[in-house]
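Heads up, the next two complexes both have chain A, just with different partners, chain B and then chain C.
Entry: the complex of A and B
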C-alpha cells in the first residue's frame, strides 16, 4: 500500500488520514503540514489509522509533537488503528495523552 | 534557526550520500537537521570507515571512509545526509597496528559497534536465536533521545529513607503466574507498580539493563536439558543502550521509550530507580573472545593489559576495563551522565566496584580519579552511588572504599553477621550491635555515617531468603558445573531438614526465621535492600548462583503471594513501620549519649535484664532502645522503639526498661505469635498488659513502641523518654 497522508481542517477539527507507513521518510512532511495549525484554535485532532500498516518511533513522535504544538487543550484521537499499531503504542507508553477508539462520529 | 555549518560539502564514493565534516561532540550518532552526525574516537587507529546497513540485512549497503579532513585529533567525525535513520544500523571498520605484545589488536575486516551506541540491534527479542554467520552481531542504531517526561523530576529521596527492592527485569514478571500482558519486560514491571506500592518499597534496583548477549556462553544444562543462558546480564555489550530484549517493543526498536516510560511511571508513584551498572569488564572476554566493539576500536585504551599484552582478569570474566585511563574514565562519566539526564535515573550500584579503583597496571589506588570524578560530578550530584566494594582479583574494600562522603557500599559484613546471628552462632552480639547501628566500626571514620551502609541479607548473589532458611548447602547442579560454582559461605540453616519439607514445625520455624530476618533488617540503621520475591518466600530450590537459569528457577512465581500472604503482610507492615518512624532512619551514627536532655541516650543496650546486655560469647539475647527524642539527630520527635532478639532455642523473659508514668510500651511485632497477631498496622499497635517484662519466644524478635498513655491514665506530665 502506498504511504501517504491527508490533512484537513474544519470547525476547529483537524483530521489526518494515514495510509501505509508513517516513518522517518515521510514524517517531516506531515510535521510541516501540521505545524500550520499551531496558534489556531483547535479543539480536536483526529488521526484515522484504519489503513496505517506501520508506525515507527518517528511516526509516533509526530503525533506527540502535534499534541504539544497545537495545544494542551486539544483532544487527540486515534481511530481504528490496527492491533499491531495499537500494541506498539501501548507497550511503548506513548499512549497516555490520546483517546483510542474503534470509530469516530461527529 | 538556519545553521551555516550544516550544508554538505562532499559526496561519498558510491554517490548515494552527501557528507561533511562532523562535530566531535557528542560522541556516538546524533540526529542533526538533514542527517546524522557520527563521532568515534580511537587513540591508535590509522583509518576508519563507516558501514551502513538496512535493519537486519546481512551486508552493509554502503561503506564510507572518513576522509583525512574528517578527523579532529583522535576523533573520526562526519555528518551523513539523507539517511533513513529509522531503518538504519551502522558500525565501523577500524584499521591500525596488530601487535599483541603492544596490546594492539586492530582487525580491519571486523565491523565494530559504536561504544556510544544508544540503541543496539541484533538481540531484539529475548532468546530468538540469531544468525550465527552474521558478520555484525550487535548493531548500533540511531536512537531518538526526545521523550515527553511530563512533569517528572528527580525524586531525591534521602538515602536513609530508601527501601531498595532488587529485581531482575525479566525474572520479575516472566513467569506465567505474573498475569501481565508483556511478561519479562519493562512494560511488565509497569503493570506491577501497584503491587510495589502495596508492599511499600520506594526504590527499585534493576539488575543490568544495558544491552548484553543472553546467548553468551549458552549451553544445555547437563542435568535438566534446559538451555542455560546469560540470564543475569553481567556482561556488557553496550553501556549506553537499554536491552532490546527487555522491551515488549524491542522488535520495533522502541526499547528506549519503553524503558523511559517505566521510569516515568515509577517516579509518578514515588519509586526511585537505581541501575546496576557493570563497568568492570565487557562481553568481549579475553584474547579468544569476539570482536564486538572495544577490542577492535582501541584495545590498548579500553582494557587493562599485562606487560605481554594479555588481559588482566580482575573481573573473573576474561577482561578488565581500564577504568582509570582518562579516556575510559570520560566514557564512564559520559555514560552515567547520559542515564541521569536522559533516563532520569536516581542512582547506580556498581558491580565489582573495586575494579574502578585500580590503576592502569591493575594496582589499587588510594585516590582513584574515576571514583573521585563520579563523587564530585555536578550532573551526578544528587545520585545515589553504591559500590559492591570488592572484586574477583582479591580486593575487599567493605568499610574502606574511597568515598569522598558520597559512596555507599553493599555491606557484605552486615549480611554475614546477621545470618550468623539468625542461625544462633555464638559470639555474635558485638558484631550485631555494630550492624544494627549502621556499622560505625566500618563507616564512622571520615564521617561517612550510617548512610554509607546498604544493609542486605539476600541479593541476587546467593540464596533467596526462603532458601537461606531451607538449605545448609548450595544445590547448583542445574548450572552444569558440578555444584562447584556459587559461594560456599552462605551462613544458612535449613531449620532441620534440607530442602522442601512437609513437617509443619520445620515450616513454621522457617517462616519465623524469615520474619526475624526482615524485622532485624528493617530496624537497622543504614539503607535496607530487599531481594525481589523474598516477601512471598520465593525459592530457587537451593540454587545460590542462578546466573544462567532463564526458567522457573529464577522467575518469580506469583502464585506464592497468596500462599504466603502471612509473610507478605509481615514485610508490608515492617516496611510501613520503618517509613513511619524516623528514629529507624538516621543519617549519621549514634553518639551513644543523651544530647537532647531526654534522660536517655540515643541508643541503649539491654538484655534479659534492662540496661544490662550480656555481651558474652554464650549469649544469644540482645535488645536495644532507640530514643525517639533523638530521631534524625534530634531534629525530629518520634516514638521510641524497643527491639528484643532471642536467637536461643529457649524462651526468655526480657525485663523492659521503665518508661515515665505517662507512657507505655505497646506491641508492634512479635514473630513468635500466630498469624494475625504477629504484627500490626503501624498506628494500631496493641496494648501490653505487663510493662515490666516480655516473654520473648525461642528464636523470635519482638518490637515494641513507646507511646503516651491515654490522657485519663496519665499520672505525671514530666517528659523524660518520649
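Entry: the complex of A and C
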C-alpha cells in the first residue's frame, strides 16, 4: 500500500498533506523532502491528515524529526486526523505538543 | 500455525505486513486493532531488517498462531543478539525537541500488545508478541458449568480459566493498562510494584480492576518468581457471580480488604509528604529576615503568612552600603516545592546583584537574564525592588510585573504608585524596565504587598480588594508600622470568615522618619 504526500512551503509555513499509509516502507522519501527546509525560518508546520489511514512509529519519527531539525520554534498542527491516527498520536504523548484541529484556515 | 521466511530486506516489509494482517483478520480483530498490531510488528521487523545483520544478508521468520483466545506472532532471526525489552521506555511526556528518536516504537509495541517476550535460543533472537481476543474467550466459555461449585477445596473454577505461565521478571500488567481479567496464582509469586506487595500462590490478583468502574489497573504486576496462573476475563467473572454466590462474596470481600489496605498505605504516604511539606515551609519562612533594624531614619516591618500549600512569596531588606537600604517583595508563579525553590534562588540572586551597588533596574535586568538561562520549568516571578537613600528619603525603584505599592503622603492619603506593570522575571531575556523615583518626606510611608492580600476571599468568593486595603491602611496608618501591618492581617482574617487561605499573604512597609 502506497502513501502519497505533498509538501509545500510559503510564508514560513510548511504544509504537509499525508494520504494513505505512512509506515517504515515509505517514510524515507518524506523525510528527505522535509530535510530541504532545514536552516530556513519556519513558523508553522501543518500536517493535513484527513486522508491518512495509518501511521506507524516510523511516521511519528518523521514528525519528531521535523520538529527537531527544521522547526524548533515552529508550532505544529495536525489537521482533520481520523480517530485511529489520533489514538496512535496520543499513545506516544505527542498530542501534548501539537495543536490538533478539525480544520485549518489561514 | 503459519510460518514464512523472508530475506530481511525493507522491500519485503509489505509482504510481511500482509501475512500479519491476514492472521489478525482471522482472529476477528477490528480494523483499528489490525492496524495497531501491524504497528507493533513493524517496529520489531524494521529493527531486524536494519540492525540484525550488519554488512551482510540474513533471513527473518514470522510465525502466526491463531488460538481460540489470542493471536501469537513470533519474529525470529539469527542476527546479532538484541533484546528490545532491555531498552528503557521513552519519556512520552517530554516535548518533541527533547525526544530521543529511538525507543518510541518499542514502547508502542509494548503498549499495544498484551504480552511481549524475548529470548535468545540456539543463536536466534526470538520475539513473541501476543494479543488477546477478549470477546473470543467469552464465546469459548459459552458452555459454562451450571451446577454450583463444590464449597471448600479449590473454589476457583480452574477448568474454565486459561492457564498461563510467566517467567520471573515478566510484566503481567502495568498501572493504567485496561483491566480485562483477573489472575489466580497457582504457583510462584507476583510483586505489585507501586505498593510493593508480594502476592503468593493460592491468591487472586486483578480482581479490583475487574470490579472498578474505571476499568484500569491501579498497580503494575511483575513476576517475583516463575509463575503459573489461571486467568478469567471480566465477563466470565460476572457469569460466575450468578452461579456461585459464595465465590462472589469471597471476591467482593477480598476486593474491599485490598481497597482498605491500599487506602491505609496511601494515607500513610500522604502524611509523610505533608510532613515534608511542613518542613519545606519552615525552611522557606526561615529564609526571610525577621529581625528589623532599629534606626532613627526609618521604621521597617514585614511579614509573610504562608497558605496551607507551600507558596512562593518572599520579601527581603538589607543595606547595600551605609547610605542605601534595598527592600524587595516578590511572588513566584505556582505553588509547592518548585515555587519555594524558585523563590529561594530569586531572593539570593537579587541580594547578590544588589550588593554590587547597581541601580534597581539593572539589578533586576541581571537577575532576569540569569534566571532565563536555566529556566527549564518556565516558572516566573514578579518583583518590586526599591532602593532608599536614607539621608534624603529618595526612593528609586522598578517593577517587574508586580502589584504597585501604596504610598502615603503627609496629607494622610494612600495612593498606588503610578508605574507601568513591567514584565515578569524569568520568561524573556533582555527585558528592560525603567527605574522611577519618588521622595518620601519625613512621616511618609510606602506599603508593598502581594496579591494574596487583595485577593483573599471570603466564603461568598468576594475579594478583600484594593479598596478595602486602602481603607484599612488609612485607618491604621498612625500606629507603629508593625501594628499597622498586624491590624491589616487581622482585617483580612476577619473578612475571610474562616474561608481557606489560598495564597501567601505578604506585606512590607517602610516609614521614613527623616535623615
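Keep in mind that, in the parts below, the second predicted complex is superposed on the first by the 104 of 106 C-alpha atoms of A that agree within 3 Å, B and C clash if a C-alpha of one lies under 4 Å from a C-alpha of the other, contacts with A are read in each partner's own complex, and residues count from 1 in each chain.
In the analysis below, a residue touches a chain if its C-beta (ideal position, glycine included) is under 8 Å from a C-beta of that chain, and two chains touch if they have at least 3 such contacts.
Not measured: the values here are computed from a predicted model.
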I want to verify the contact counts: of chain B and chain C, which reaches more residues of chain A?
C
Which partner does A:11 reach: the first (chain B), the second (chain C), both, or neither?
neither
Please work out whether A:92 is in contact with chain B alone, chain C alone, both, or neither, and reply first, second, both or neither.
both
Across the two complexes, find the residues of chain A that touch chain B and also touch chain C.
23-25, 56-58, 60-61, 64, 68, 88, 91-94, 97
Interface residues, chain A side, partner chain C - complex
1, 23-25, 53-54, 56-58, 60-61, 63-65, 67-68, 72, 76, 83-84, 87-88, 91-94, 96-97
Using the touch definition from the top, list the residues of chain A that touch chain B in their complex.
23-25, 56-58, 60-61, 64, 68, 88, 91-94, 97
Footprint of chain A on chain C - complex, ascending:
10, 13-14, 17, 31-32, 35-36, 38-39, 42-43, 45-46, 92-97, 99, 101, 104-105, 107-108, 111-112
Residue numbers on chain B that touch chain A, as the complex places them
84-87, 144, 146, 148, 182, 185, 187, 190, 247-249, 252-254, 257-258, 260-262, 264-265
